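Each in structure tokens, the structures are laid out below.
Both complexes shown next keep chain A, but they swap its partner, so chain B is in the first and chain C is in the second.
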Partner chain A sequence: MSVSKNISSDGSHLTISIQGRFDFNIYKDFRDAYVDCLKSTPRITINMSSTEYLDSSALGMLLVLREQSGGDNSNIEITGVNSEIKKILGISNFDKMFSIK
Partner chain B sequence: MASKKTSPDITPQSSDEAEINTSIFDMISENNNFLIRGIDSANNDITQVKGVTADAIDNLNNSFSQLNEQIKQQKVLMEQLLRNITDNNIESDGKMCSFKEVTSEITDTLTYFIDALINISTQSMDTVHKMDSIVDDMDNVFALLGDIKAIADQTSLLSLNASIESARAGENGRGFAVVANEIRKLANYSNDFNNRIWGQVEHTKVSVSEARVMIGQIASKDMSIGMTAKYKINSMIDQINFINDATSNGIDQLTSITDEVNHNVSQAVRGLQFEDIVRQQLETTNNFLSHTRDHLVNMDDDIKIIKDNNNPSGKINDIIKKLHDSRNELSNNIHKPTNHDSIDTGSIELF
Partner chain C sequence: MDNRLNSDNNHLSFLVVDDDQTNRLILETMLRKLGHTVFTACNGQEAIDSYNDNQQDMILMDVMMPVMDGYDACKTIKANNSDLFIPIIFITAITDDLSLSKCIECGGDDFLTKPFNNVILRAKINALTRTSSLYNIINQKNEEMSLIHARLQHEHELAESIFSRISTPPSRDNSSIKYLLSPQSISSGDILMSLDNNGHHYAMLGDFTGHGLSAAIGAIPTTDIFYSLARRNRSISSIAREINNKLFEVLPTGLYCAACIIDIDNTTGVINILNAGIPDALMLMNDDTRFTAFKSTNIPLGIMNADNIDFNIYTVDINNNGRLYIYSDGVTESQNSANKMLGQNGLEDIILSSRGPDSFDNISQRLMDFTNSGQQDDDITICEISLTNAAHEGKFAAFTSSSRWDIDLHFDNENIKYGNPYNTTINLVNKYIDSANIQNSNSLGTIISEIFSNEINHSILQIDSSIKEQDNGFDIYKRELTDKLAAIKDQYIDVSISITQKNMKRTLKLTISSSSNKDYPEIKNFTNNNEKPHGRGIFLLKELCSSLTFDNENRRISLEYTW
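What follows is the complex of A and B.
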């Protein structure tokens, strides 16, 4: 599966990992990974260390997640980005909305 | 025999003495004329030197003056150039707009389109979520239709049972048989309608699937072109800024060199002021030589008078006194101090 998830032992931190291509095809899996946890896990990490490619639909999915996690009050970080993905996030001003590592 | 005398008073001489004296006078006269010719030649040279020097220095002054003018012009042009470069003015549609404005516009436009693209993707994902909800609802409808079909099938079965029971009842059951038949027909109609509803919903589900795929295509735009474009523009702006800075530095250096040249030209013009001193010195020398010449000419005239005169003793005393006074005057002229001993004093003016 391209999408895997992990919840911390105290239940406050959800990590979603994406392998390969982060695009329209994994929409359902991505959404299923977080939809039940939104109220209970205030902190979310999107782990892209195995993500090879990102297109605009992925950006859309991340923004929808952010909206549903409280918008400006959300606490979402994106980790393990490669240089291409980092540039894309840069020109999309995502560094102002997510904490990117 | 002549007697040795140190006083200026001289007694009348014999004819031998007179001959010797004449030779001496002639010799002095020759000498004087030689000196006079030498002085004339020197005076000519001095006049020439004065002329040549004055002309040369006049030329130099003019050249320096022009040089200074040209340097001023150069400086003005460089300042203009610097302004043009730092403002990077480009003419577009007859309007002057700065390069910074143009690149700013381009960057803003690019940002606008990237933002629009991301917005479309975000809204598309929301739409896809709605569509997935619709599909869930449709699946619910299928379930309900399934229930309806079950009911219809049950009804049909029941009506069959009713027909069988009515047949058992014989004559009394004939009315009941009709009712049972009608009920079975209704159950069948119900199933028909059910199937048609099923077909419609299935058709709708397919359409929604197709729409979902289309929205997927709309939402999935590759970001690398936008990214490359933005980076290319930033890199262009950096290059232009670099060129601007380098050019600006170059012009600053040119300007300070211009100032230095200006300063050096001023120094040179000041240096030329030596001409004044030289001219004065030459004139002083001129004067002295002229006076000396006069002195020699007078001496020559006096010698002629003595030679022509038979009793020169009284005249000789006068002449000697005159020569003495004349020499004193010349001496005073030599020791007259000049007004400028060096060129360092005084400021200069460029004309």
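What follows is the complex of A and C.
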């Protein structure tokens, strides 16, 4: 499974981990990971420490998640990014819309 | 220890030895009044017997007695119980210096002349009681210490057995690698590993800080990772990276592994050397009289916490037959009997003057001769790897050169429909990169993915990605993608890729064209329209690549990417 999720014990923090390639092929798994708990989990972390690369459709998917979880009021953190992924997120100015660690 | 002279000094057991009944009675009465238990004996022999039966805490001994005098009794009792401290006070009417000093010489602890003063006797008893407790405490601690020592020894032996089992040196049958391992203590901190796999010969020398258990802890994952990645023909920088990450995780600060990892790649005729904290690896080609030295250019493994360390790797063509030496700093820092260090020059002299088929035996012998005369402070490990010009015989014979690689791919209609052109392409590129030991991190995955989704989704399938803006846009997009893909006819994609390597820089040149003769508008739309969930692909490509060009009316895209 290239997408896995984990919800904190108090239910307020959702962590989605993406292994391998983050592109359109995992769109359904990615959406399924958050679609049912957007209302109850104000805090979301996307863990990319095992992500090999992401492409532009992954960027689009991240934007959809951001919009559905409150747009400018969303609280989404992207963690574990390697230098290449950081570069790609930076090229698209995603560092201004997400908290990237 | 038992209850001898325990803290309750008020209740000791005494042995009073005197042939005169009155004297015995006086002492007995006095001691009983103080609350002590008293045994009596009339001569030396009786004293010995009584002590054997009752093991009193202290003995008050007369000197002149029938059967056996006090001196002999004292000697015997002390000799029979050499592991105990039995305080003996002589109480005697003799006052000459010689006889009194004999009381101490025969093993007595103190003496008192008759007639004695009660206060003085009590003071002496107290003083000896203190000495006796001290003795008992030390005895007890000694026993604890020897238990701890035995346990440590046992654990050390366990560590040694673990270490020696996992650091089993390469088989000596492997003629291309020869080595000398001379551990400093019973367990070494040096490990040497080697593996032949698919035209690659991997070798690694690791020198852990510390010996014994601390080295064994790090050696376990190190050997596991080395062999498992070498078996999968992974590059030495990925081996180094994995080991570094694992050691950083398991080892406490201050413990780390200096290492040299080598990959002799007979498929391309090059040797890759990664040196992280080991003395210069030395290469000697044919009849050269000078070494090529490969200095350490990396931080030892287990110190840095970073997923994307770029390791510096030397890549050298094997043009001739030659020898490569790797060794731990114990070799150059070894000392002879005059406390003179061998040094780098000393080692190089030994190697240079050792030639011929038995060169390594000669080197080993001379190193051992040097150190045997002195004290060995560190593990001594040196290994010789024979290099032979066996290029182009390996399994990946198609990749005949390390400096350039070309491939043309043609995906037909069925390939696009049922296969995954992107996967095929990225796997081929990664396979080449791995076999050529190119390990710098790169954006090839993103670039190749982007270029294929543009070609398939937009040029061939003509899907408008602004669909993604709708509610559930991604679902609609996905459905349309699936439907249109299932219906394609007579489509194809052609891709040409070439990767060149020059001065540690690699350049990918890629050209893609397809059966589609449609000019798709998004191609020219380079902007990063901030909040829209689509339309970022070409923009991303333009930013990542050093050049991106469209020709033949946008039907052919060419890009160049350098990393």
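As a working rule, the second predicted complex is superposed on the first by the 101 of 101 C-alpha atoms of A that agree within 3 Å, B and C clash if a C-alpha of one lies under 4 Å from a C-alpha of the other, contacts with A are read in each partner's own complex, and residues count from 1 in each chain.
The criterion applied here is as follows: a residue touches a chain if its C-beta (ideal position, glycine included) is under 8 Å from a C-beta of that chain, and two chains touch if they have at least 3 such contacts.
The structure presented is a predicted model; accordingly, all values stated were derived computationally and were not measured.
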item	value
First (chain B), second (chain C), both or neither touched by A:27	both
First (chain B), second (chain C), both or neither touched by A:54	both
Partner chain in contact with A:4 - chain B first, chain C second, else both or neither	neither
Touched partner set for A:75, first chain B, second chain C, both or neither	neither
Those residues of chain A which chain B touches in one complex and chain C touches in the other	23-24, 27-28, 31, 54-57, 59-61, 63-64, 84, 87-88, 91-93
Residue numbers on chain B that touch chain A, as the complex places them	114-115, 117-118, 120-126, 128-129, 132, 216, 219-224, 226-227, 230-231
Residues of chain A that touch chain B when the two form their complex	23-25, 27-28, 31, 54-57, 59-61, 63-64, 84, 87-88, 90-93
Complex contacts: residues of chain C adjacent to chain A	307-308, 441-446, 449-450, 453, 468, 473-474, 478, 481, 528, 530-534, 536-537, 539-540, 543-544
Chain C contact footprint on chain A (complex, rising order)	21, 23-24, 27-28, 31, 49, 52-57, 59-61, 63-64, 67, 82-84, 87-88, 91-93
